[in-house]
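You will see subunit A twice below: alongside subunit B first, and alongside subunit C after that.
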Partner chain A sequence: MEKALKKYAPIFVLPTFAAFSIGFIVPFFQGLYLSFCQFTTTKNAKFIGLGNYARVFQDESFLDSFWFTVAFAIVSIILINVIAFVLALVLTRNNLKGTNVFRTVFFMPNLIGGIVLGYIWQILINCILSIVGEPLLALNSTAGYWGLIILMCWQQIGYMMIIYIAGIQNVPDTLTEAAAIDGANAWQTMLKVKLPMVMPSITICVFLTLTNSFKLFDQNLALTAGEPAHATEMLALNIYQTFYARAGAAWKGLGQAKAVVFCLLVIVISLIQFKATHSKEVQQ
Partner chain B sequence: MKSKEKGINTLCTCVLTVLSLLYIFPVVMILFNSLKKENSITTDGAFTLPTAETFDGLTNYINAIQAQGFLKSLGYSLFITISSVAAILLFCSMTAWYLARVKSVFSTLFYYLCVFSMVVPFQMVMYTLSSTADQLKLNTPWNIWIIYLGFGAGLAVFMITGFMKSIPLEIEEAAMIDGCTPLRTFFSIVMPMLKPTLVSVGILEAMWVWNDYLLPTLVLDIKSYKTIPMLIQYFRGSYGRVEMGPMMASIMLTIIPIIVVYLAGQKHIIKGVAAGAVKG
Partner chain C sequence: MKKKLLSAILSLSLVATLLAGCGGSGSTATTSTSEASTSEAGSTAESEAPADTAVSAEGGSVYYLNFKPEQDEAWQTLAKAYTEETGVEVTVVTAASGQYETTLMSEMGKSSAPTLFQVNGPVGLANWKDYCYDLSGSDVYGQLTSDAYALKEGDTVYSIAYVIESYGLIVNKTLLKEAGYELTDIASFEDLKKVAEDITARSAELGFAAFSSAGMDGSSDWRFKTHLANLPIYFEYQEDGISSTEAIKGSYLDNYRAMWDLYINNSTCDPADLSAKTGDDSRAEFLNGDAVFYQNGSWEYNSLIEGGYTDDDLAMIPIYVGAGDEANQGLCTGTENYWCVNAEADPADIQATLDFMNWCVTSEAGTTAMASDMGFVIPFAAAVESPNLFVKQDVEYTAAGKTPVSWNFTTMPSEEWKNGVGSALTAYAADQSDANWDAVVAAFVDGWATEYALANGN
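Right after this comes the complex of A and B.
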């Protein structure tokens, strides 16, 4: 069978491979090369070695956006996962009415695109801010920070909740029953039986929220666009602004080098996730 | 014990109901304000229902559709999403079958490149991708699906190849022995068995393409083609006074189709998304 199939390789593999080359392989390696160059278009690239990378780590706006992203990621990861887990626990209770309706409602914002989500919350938050007499989002970085977190929670809690529900439903009834017979109360069952059993779901959700927070772009652009004065600019938006908000030979190379650093960061996070999920699977 | 549990359940239902109302509040607020007259949309009155005085019917919606070319954008978005998802499902399932069944250096390498591409953030390739697309003239809504096929292939090939491992080889072998060509085996035997995972992949890719903002902005010529997310961003991000009425109306026009599709197929959507998350 393998032999017969191999003859058909051009039909089965070529279309995807060609598109994949155009859409990923070529841009990726070209991008890698260009990060060592000075250029304004891909045609006039001049190799300059590690110069761009040296500038990345001296660029204060990049470092600021890195720390802003970290601060954003920590708070949103904790909030999203705790709330989603509690919701999942409540929604898997026996004999609770209307669980399907609640699930549907909580999951809904996840389907709305980041740009639209951003503007919905921009309108809402600006209304609240003007009623309480605070400066609007464009001038208020604290509100921008918390606005992004609220927006992220609104979008992601439903998604993580679904994963947690699947995890909790996979805990065999025999285990919880055995714990009950041994005299464990509800709290002990939760802590000593359910929590260890859903550890794989927790790892997945924590890393999903982590990579989502680091890659956040649309929501950031729509809600605050980095205002005021780049104070709420996250990594992805900072890279975008380096590329497109300034003209001149100095910026494109710097932007590409930032993108490579950003890419490495995301790859490292994903590798740790891969290790973590797999070590958990072995224990089960 | 029984009545205590009942009490807790009632309490839970109450809390969840309040939470759900809070959850849909932002959308409801936009809906109410989009029905108000332009000069009655103020920040102070944002949380009041439209009254007889301020109610404006569908004027804002009509304005949004006429002035901003909403229908054109809707058409572009629909065409791009449908063509991209169809291409991804067809070509990637063929490729996934090949990669799962033919063991060679090439197929292993291609598979791991696909996995790798899922991790790489878009910012890494955005500049070079848009210039490549320009050079190859892949910058219209009619052929941007080639770019989406390339960039969406990673997830699709990964998920379908994973599912392929659970399909017994014997069925395909029997078909081949009976004289089916690989093409016929694939389309009449393998593809029908892939249905559950194709639904999941289709939903995930459709959500991504439909809501994608950055890729079409960089690739398409914004003056002639705007997808819906581009239109919303253009509407709001352009300088000068923003007309809040039509702005909110177009947000609603964007959300309503999504909610309708979601309510119609929510079981598949929730399952599909969860499956994708656990595997990805």
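Right after this comes the complex of A and C.
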């Protein structure tokens, strides 16, 4: 059996591997090469060395977007995870009726695409701003920032909640029972027993929200498009604008170099996070 | 144990997909986004995918990346007619509004790249010059009525304009009459201001406003950050006797402000709401009879007629901003649609494309379609008169000795410059303080110098 598996493994892997190569590995390395070039279309690239990378760090708009993204990521990671965890706790209680309905309802926003969500929330938020007499989204970077956070919370809490629910349900009854017999109250059980046991879920959820926040593009494009005057432009949108909104060969390579820097940044940050939370996980 | 293994596998697979997704973002600019934009173009033209350009008897085929969504249907029909007549395959793909450069960039990188594409003028040409086939010896260039409609350097003809358009203030004559005025009452900025402010004062009783909303959403803001901004640039160029500049002075920005004030304060909506108003909103207001004036161009003619108006209801008047010789000012007439032939295409395809272009502007079917179905005035010898009212009016204005305002916005340094002016204008509309206007001036004047330097690599 095992021998046969080994023998035919390459054949089974082939379709996925081919798709992965065509859709990911080849463009990734092509992109890497293009970041050292000047080009208008990708087939006529001229190698120029590290010039693009030098310009990335001189580009103030890139740094501005970086700090905006960081500010967004911190707040949205905390809000999404805390709220999702609380919801998961509430919806795993045995005495609550209709938990499945609630779980479905909370999960549903995740099924709608980012662009659609962005435009729906743009209308909603603009209506509210108009009623309270504040400047609309296109003129209001504070509203844009909080709008993005509300939008992301609304979309992602349900998804994270499902992962937390799975984690909480995996906590063995024997442990909670033992804690109850030892006289721990609900709060103590939660903090000392459940929380360490769901640490793997927390690792995954924080990882997901962190990378999602850094890579956010659709929602940003649809909700604010970076207005006013690039004040709500996150990293991915900044790269897109560098690449597409600018005419001339010099900008394409710069956008590409930004994309490579961005990719490294996301990998490094998420690896640090992964190490940090992973080390807190306990073995049963 | 089994349960644990399963959950481990599950979480592993989750992390694996994530890592893949995370790495993928690094190549966003080359892969995913370009795919997104092409699929957008594909969806506009539905089944006409560029991939199925079959090679015909002569061995050449045409792939036209069209700029104007309004004329997509007419181009598809014309392409079909050409294929039926000659057997040469013609594929027309239309980029979504505002996505032309993005789509073009992705399409040009493909092996089956467009053979015929567009640039919007000298600034747009700079980006694509290396890809432009020299049209100087071609038949279609020979048909051009004036060299003013070609973009050339020395003897090399990079691209030729194929449509001449006009814009101005579209007037609902019926409503204007209801308000107690005639077209002849408006012959200067002062007149326009008087009429508009009178309509605003009586708007409750009349039931309509002077101007349709000057929406600053992306679908509409080009009417003001580009088309209206053309007027101060035009008058400055006239005064200085130049046709482009690396640093604008902004001599006529006070006129720009006065006009913008007039638009936003005599409109269908609160100026603070303009940032969310779209081009469709503005057109709908005009079609509903909520506003007398609507700044737009001859390309709007078909949608206004389909919206229920007749030629008797409509007129287009010049945009008077209180500068220059207003008595002799005509409509803003020019072009930002230049055809370029892809020099990197297969020689057979290039020849097929040149033949197709020539057929469009010389054959009866071609010229009729361009005049009637597309409503174009084409700068070619065999042009047929267009039924487009606004285009006819432009001819009348010129015949009456008025000077058309040329399109100088093709010399604006970059899209980023337009966006900067647009953002500042929107902010000013919401809060009309001098400080906010200074921001518009800064975006206009300082932004021009900065962007010119960036665009020209200084």
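Just so it is clear, the second predicted complex is superposed on the first by the 247 of 284 C-alpha atoms of A that agree within 3 Å, B and C clash if a C-alpha of one lies under 4 Å from a C-alpha of the other, contacts with A are read in each partner's own complex, and residues count from 1 in each chain.
Just so it is clear, contacts are C-beta pairs under 8 Å (C-beta built on N, C-alpha and C of every residue); 3 or more make two chains touch, one makes a residue touch a chain.
As the structure is a prediction and not an experimental result, all values here were calculated from the model.
K.L.:
May I ask you to decide whether A:F24 touches subunit B, subunit C, both, or neither, giving the answer as first, second, both or neither?
P.N.:
A:F24: touches subunit B and subunit C.
K.L.:
Go through the superposed model and pick first if A:A88 touches only subunit B, second if only subunit C, both, or neither.
P.N.:
Touch partners of A:A88: none, neither subunit B nor subunit C.
K.L.:
Scan A:A143 for contacts with subunit B and subunit C and give back first, second, both or neither.
P.N.:
The answer is neither, since A:A143 touches no partner chain.
K.L.:
A:L96 in the overlay: touching subunit B, subunit C, both, or neither? Say first, second, both or neither.
P.N.:
It touches subunit B, and subunit C stays clear.
K.L.:
May I ask you to name which of subunit B and subunit C touches more residues of subunit A?
P.N.:
On the superposition, B touches more of the residues of subunit A.
K.L.:
Identify the partner contact of A:L254: answer first if only subunit B is touched, second if only subunit C is, both if each is, neither if none is.
P.N.:
Neither partner.
K.L.:
If we overlay the two complexes on their shared chain A, which of subunit B and subunit C does A:C263 touch? Say first, second, both or neither.
P.N.:
It touches subunit B and subunit C both.
K.L.:
If we overlay the two complexes on their shared chain A, which of subunit B and subunit C does A:M234 touch? Say first, second, both or neither.
P.N.:
After superposition on chain A, A:M234 lies in contact with neither partner.
K.L.:
Could you look at A:M152 and tell me whether it touches subunit B, subunit C, both or neither (first, second, both, neither)?
P.N.:
Neither partner.
K.L.:
Check the residue A:T40 against both partner chains and state whether it touches subunit B (first), subunit C (second), both, or neither.
P.N.:
Touch partner of A:T40: subunit C, not subunit B.
K.L.:
Identify the overlap between the subunit B-contacting and the subunit C-contacting residues of subunit A.
P.N.:
20, 23-24, 27-28, 30-31, 34, 41-42, 126, 130, 166, 204, 208, 215, 217, 225, 236, 239-240, 243, 255-256, 259-260, 262-263, 266-267, 270
K.L.:
Give the list of subunit A residues in touch with subunit B in this complex.
P.N.:
1-2, 4-9, 11-13, 15-17, 19-28, 30-31, 34, 41-42, 90-91, 93-98, 101-116, 119-121, 123-124, 126-127, 130-131, 154, 159, 162-163, 166, 204, 208, 214-215, 217-218, 221-222, 225, 236, 239-240, 243, 252, 255-256, 259-260, 262-263, 266-267, 270
K.L.:
Per the contact definition, I'd like the list of subunit A residues that touch subunit C in the complex.
P.N.:
Within the complex, subunit A contacts subunit C at residues 20, 23-24, 27-28, 30-32, 34, 40-44, 122, 126, 130, 135-139, 166, 170, 200, 204, 207-208, 211, 215, 217, 225, 227-229, 236, 239-240, 243-250, 255-256, 259-260, 262-264, 266-267, 270.
K.L.:
Where on subunit C does subunit A make contact in their complex?
P.N.:
7, 11, 14-15, 18, 20-31, 33, 37, 101-102, 105, 108-109, 113, 123-124, 126-128, 130-131, 216, 218, 272-273, 275-276, 414-416, 419-420, 423-424, 426-427, 430-431, 455, 457
K.L.:
Would you pull the subunit B residues touching subunit A in the complex into a rising list?
P.N.:
Within the complex, subunit B touches subunit A at residues 5-6, 8-9, 12-13, 15-16, 19-20, 23-24, 26-27, 29-30, 33, 43-44, 46-47, 87, 91-92, 94-95, 97-99, 101-104, 110, 113-114, 117, 119-129, 131-133, 136, 138, 146-151, 153-154, 157, 172-173, 176, 181-183, 186, 207, 210-214, 229, 232-233, 236-237, 244, 247-248, 251, 254-255, 258-259, 262-263, 266, 269-270, 273-274, 277-278.
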